[in-house]
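Pasting in a structure now, in structure tokens, and then I'll have a few things to ask.
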């Protein structure tokens, strides 16, 4: 993956929301469908049945739940509502695998996903095959009007599944990190090498820019409306903060100095006993990082990963700098001025996750996809090593709570001096 | 209080941060000092010793703690650091009455303020007299250079004390609201009458505006730097949302309809069992409001009060509108376009409480005053019925957590259609 | 107070439960009533209004609550049910001051007693005077049949009030111990001197004994039925465990050695960070004890106080001994074989607080007095320095949870070797 | 299983603690070992890998943990300490599978057993085979002196494993009961039929009895010392309380009537929302019971199961009766006077789980087996449908906390009238 703002090629699907776009082709939809669905199974293949059943904390979900929930998404929003011939695989799965869509009916308690040993891994695999076959049939036989109706829903479903592909890795890494024997998800895995290194600053003079998603390509509703924003003057770091930078912060007492922290942040750090980024463990006096490849030494040149917003903010203050806003990040990334904007770590911004001016959630259950989370969370921009190919976007708004650090999250600095 | 944006006359004190301003006069400083200090005692005079000692929840503080803490503020930041002749009233009070200033030394646990029965109310009164006398002496005898040094600190201290004057009322109202016999703080108290009523909209076309505090007058550091912001197009409601509006929301099942709410908001509402605004109680089938004047019927024409951000946001969604941003509010208020911007209820905005671009907290312990709270809270604009005269400002940024509703908080709507 | 088992003289009241006893005299009843009521006020007199309002933990209650609740007891169970002429002092007090009697109607939440600033201390004093006057009138004018009916209830009320007299001291000591300035309840107070010292053992051979309360005197229902019990062979320590003994346990790592503790006990000690008995504080490297007389040095000869059952049990195991059963204690105390059985510290036994064989709670609300607590608590025998004169009894069963240590609780050992 | 007090035949192993007993034979030891070990695997065979990994609450453990922990027990206490030739299967397993033996070294956190997906089910099976082979070798080749040393440890290990066999079923039933699709552990399973029915009373006149374990057979240390106890007069119900009885209690408002309950019990019932025994669910207006055979109708003639001590105590009070003490139970059971003393449900007694007079835990890590739990729990007598053959005993003291109800727990009544 390069560090260019355009990132990876998007999925080869048209966006039926744009009436001017060419009609969706069932062949390319089926191809995209099978590609994305296959990637989920490829990621799950390294996991045993035991690995796939547990929920290591309320924020995480079992791997087999991810596999089932993404399948339910197609069953609920495509097949169930548009394909008259479809028979649901199992009467109870809608209850078990609806995540948070109040409009889609009653659902299982989020924090109890790890209590469901049955249906087992084999049942979930059969569920996926059942829905895959139905989808391929349906897409292959749909007439043009139906295709035009459902193509946007299929696209949402595939982008949704890609999000869960990333979560499947972050969640299993968290689970393995709780295990005293520190299992490796993939023993051959290594941390990606950053494109750039060293201190270098990108200048953004004051200017009005158009931000948010404007074009035909796929996007989530939270990237809309495209609107004008006043950005700058500010300088953004071309490169990501590294482990070496972070170790200097730690060595300078960063985790113990209350005046460097937001009050809620220091309270979280004290309560949780944070002394280093997430998944760092001191083994015989040396810091080690729990990774998808198992427990590894700290590479000073690698971008720091698994830091919360609170830690990122304290680090920025310690370094005499700030975190950028999401608009500053977007403008710089659109200008291809940032190294490693995509593909290594999501980058915390100091922008609260709020609606864009005039934002309205879309009608129906899918309106719950993004809108109801727009409080208490911070925006992260870019993408990470776990983000699937084709899922990165310069207008993409990821969001997590400020104490979260089980995701692949890092930072780059801003300077207003 | 009028609804003009300039609100009430500011305290008659010069701002020594501005080198161009005229030198501070000890006479006017002493007058301002005694005025503000006297207002605190006037508010406390209606409370018994028993009333002043308890802490009805961790977010609130005992009245006698407010009286002592504001006194400590002058002892710590003015007398202790600038007046060689000063002898502290008591060796343990710095520990007991430092709120959250890590830089000012160790301090008592916030949640345990209600466990301190001694020093009692009489001791705190003596403490206040001791510091008042020392301050008047010091201000009266200081030379011009000293005055120029300390005048800004005195101003911070007085504005700080004004903030606690408001908190003293909100906190005792909360305490009285927990009491089954519903005591009245002041039996003669009545809710203020709003200036305007009915649906009316103020239009703000797109434009770049200068926002934040620019002039010589007193302001907190979070109102700085003054900067340019792109605002509009948007329409703002000229009037506040009323109890009648809110009762319609309740009657339409507002509190029970998950899809109207932010997810964290609905979780809070469910957990806390919210069915109406804070301090509303159903008495023999009728809603009553616990006020500073005791338990009262709901006045349909009065602005709704004691709603959390979560509720304000749900109400806005239910009404097909939004909450304004803080910048939209400021621009409209600067244009004198809003009724009751000041003096009845603080108005929730949908702006997260974040630093303005380039914000840096001031050096030293006072840098902890505002900066370290800039996460997880939302900005409220205007002022309330409990805000002391002279303390309102069009650039004023108040902030609370989205679940908070023991303050005098209401809302006005915005429309992006 | 002597160390004899018969302890102090009981209240001069007959027990109307025993038909064979002589008729109660209104004069002696009034005298007992005024004596006990006066003692409550004498104990409260050292407390300020501020002291009397707070609740320093859910297990404790405010001093003014104790004063009001004991008053309500007479209003509820004597005046309200037997004196037609009586007018309640205030319509809301039954709700506010009923502690846990479900049968006596709805009541205020136990953990929120510290939120009630009004009625204030002066109101409670007036409440007490109102009820005292009504009681004296009623007792003075009652005919013999009425007197016979109500005398037992008055006795319960007086013994109840004596229990609360002790709690008033333990609760205020706990409150003062949370205060960094460590106020003294009574600066002239000193810890009582034990009668005996040194290791000495009392032998009890196996035998069937009659235990529980048999005679005419006052007793609680949990001391009944009198029954036969097989006790011994066992030896009991004639003297109480001292601070010197306890310091040796501490010096030997007693608090850090898991294998000395019950599992629940070690979990409590770890969770709470226990390193010494309750109310012990290390001040400049030396242990100090927070007492009714303020912070004091540790007297090695004084009986250890403020230890939980968990600590007492761990100490006994460390010393190669055990705690006695309540029946062993009672048999030895009946034989006048124990030093300081009464008047210094309540003594933990290893007997769970269970009903005696055939125990039935009395009918009506007073049946809730003792019976519903008969699980999860341990029996303590004897009495303490805070127990009022005339309230100790060889059959008395006090009970607390095993983690409790804010009472005046100590121990004596048993040996089965 | 008959209702006789001697229950099932004990394991054919001698007790080396009794010097007078004949020397243990390696053949019979190996046979017993293989029989018990095989029963664990037989019970686990119905579970999928997914079923075996989760921990549905902190009190429960994963099935594969039970399989591993019981194996570690032999590794730790037999092979590791006595068999020089033995090589541990895996360096980390002692940490992972030590339950609570502080003396046996550091161990994994109890509440996090469900986070260990690896080692997986196949690894645990290999671990069991490794230890089984080593044990058979060791027992088969040990000389007489070694056999005499280790036979008691092997016996403890086998009885320990039998206890976990029962827990494996109660824990998986709890896990399945959390699953909305209610899986059946064994679809062919049915609830055992009680021997007796109807109200019938067994009289025990007052008398001194010898209680506790006296003979040569296997027993846990908490059954010792054998001692004399005064029991009676009392009557015990010959039969167990049934579902029909319980439904009458429910219909009479038993769960909603505070005065029937211990205070801690009613608090637990309210907090947990209890309206019926554990694992009862209302399905379309009818109560169903979640069993090892899946969700079943309520059989009125079956003994009530999955009730807590709090519920059992409330039921007894409602019925005007009591729960028996453990000694009353033991004396009646020794006299073969109780129906279904064994094999259906454990029976709550009102005896706190305390040490017998003079009890001392055995030396070393195995001293932690029983002794450190002797507080806050209640004794249950008899055995249940899940207790393995040969594991029941008239002196057996089982113990659980009063709120526990995931075990197969029921009750029989006592009458002191």
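Miscellaneous remarks
Chains here go by letter, A, B, C and D, matching the order in which they are written, and residues are numbered from 1 within each.
Criterion: contacts are C-beta pairs under 8 Å (C-beta built on N, C-alpha and C of every residue); 3 or more make two chains touch, one makes a residue touch a chain.
According to UniProt, the chain labels map to these proteins: A, B, C, D = Ergothioneine biosynthesis protein EgtB.
Quantities reported herein were computed from a predicted structural model and do not represent experimental measurements.
Steps from chain B to chain D, minimised over paths through touching chains, total 2.
Chains that count as touching both chain A and chain B, per the definition above, do not exist in this structure. The geometric centre of chain C is 38 Å away from that of chain D, both derived from CA atoms. Centroids of chain A and chain D (each the mean of its C-alpha atoms) stand 47 Å apart. Centroids built from CA atoms put chain C at 60 Å from chain A. Multi-chain contact residues of chain A, defined as those touching 2 or more other chains: none present.
With chains as nodes and touching pairs as edges, the resulting graph is a single ring in which every chain has exactly two contacts. All chain pairs that count as touching, in label order, are A-B, A-D, B-C, C-D. Remark: chain D residues 48-54, 56, 64, 92, 95-96, 108, 112, 114-121, 175-176, 178-181, 183 touch chain A in the complex.
Here chain D touches chain C in the complex through residues 100, 102-103, 206, 208, 228-230, 234, 258-259, 261-265, 309-310, 313, 322, 325, 350-352, 354-355, 357-358, 367-368, 372-376, 402, 416-417, going by the rule given at the top.
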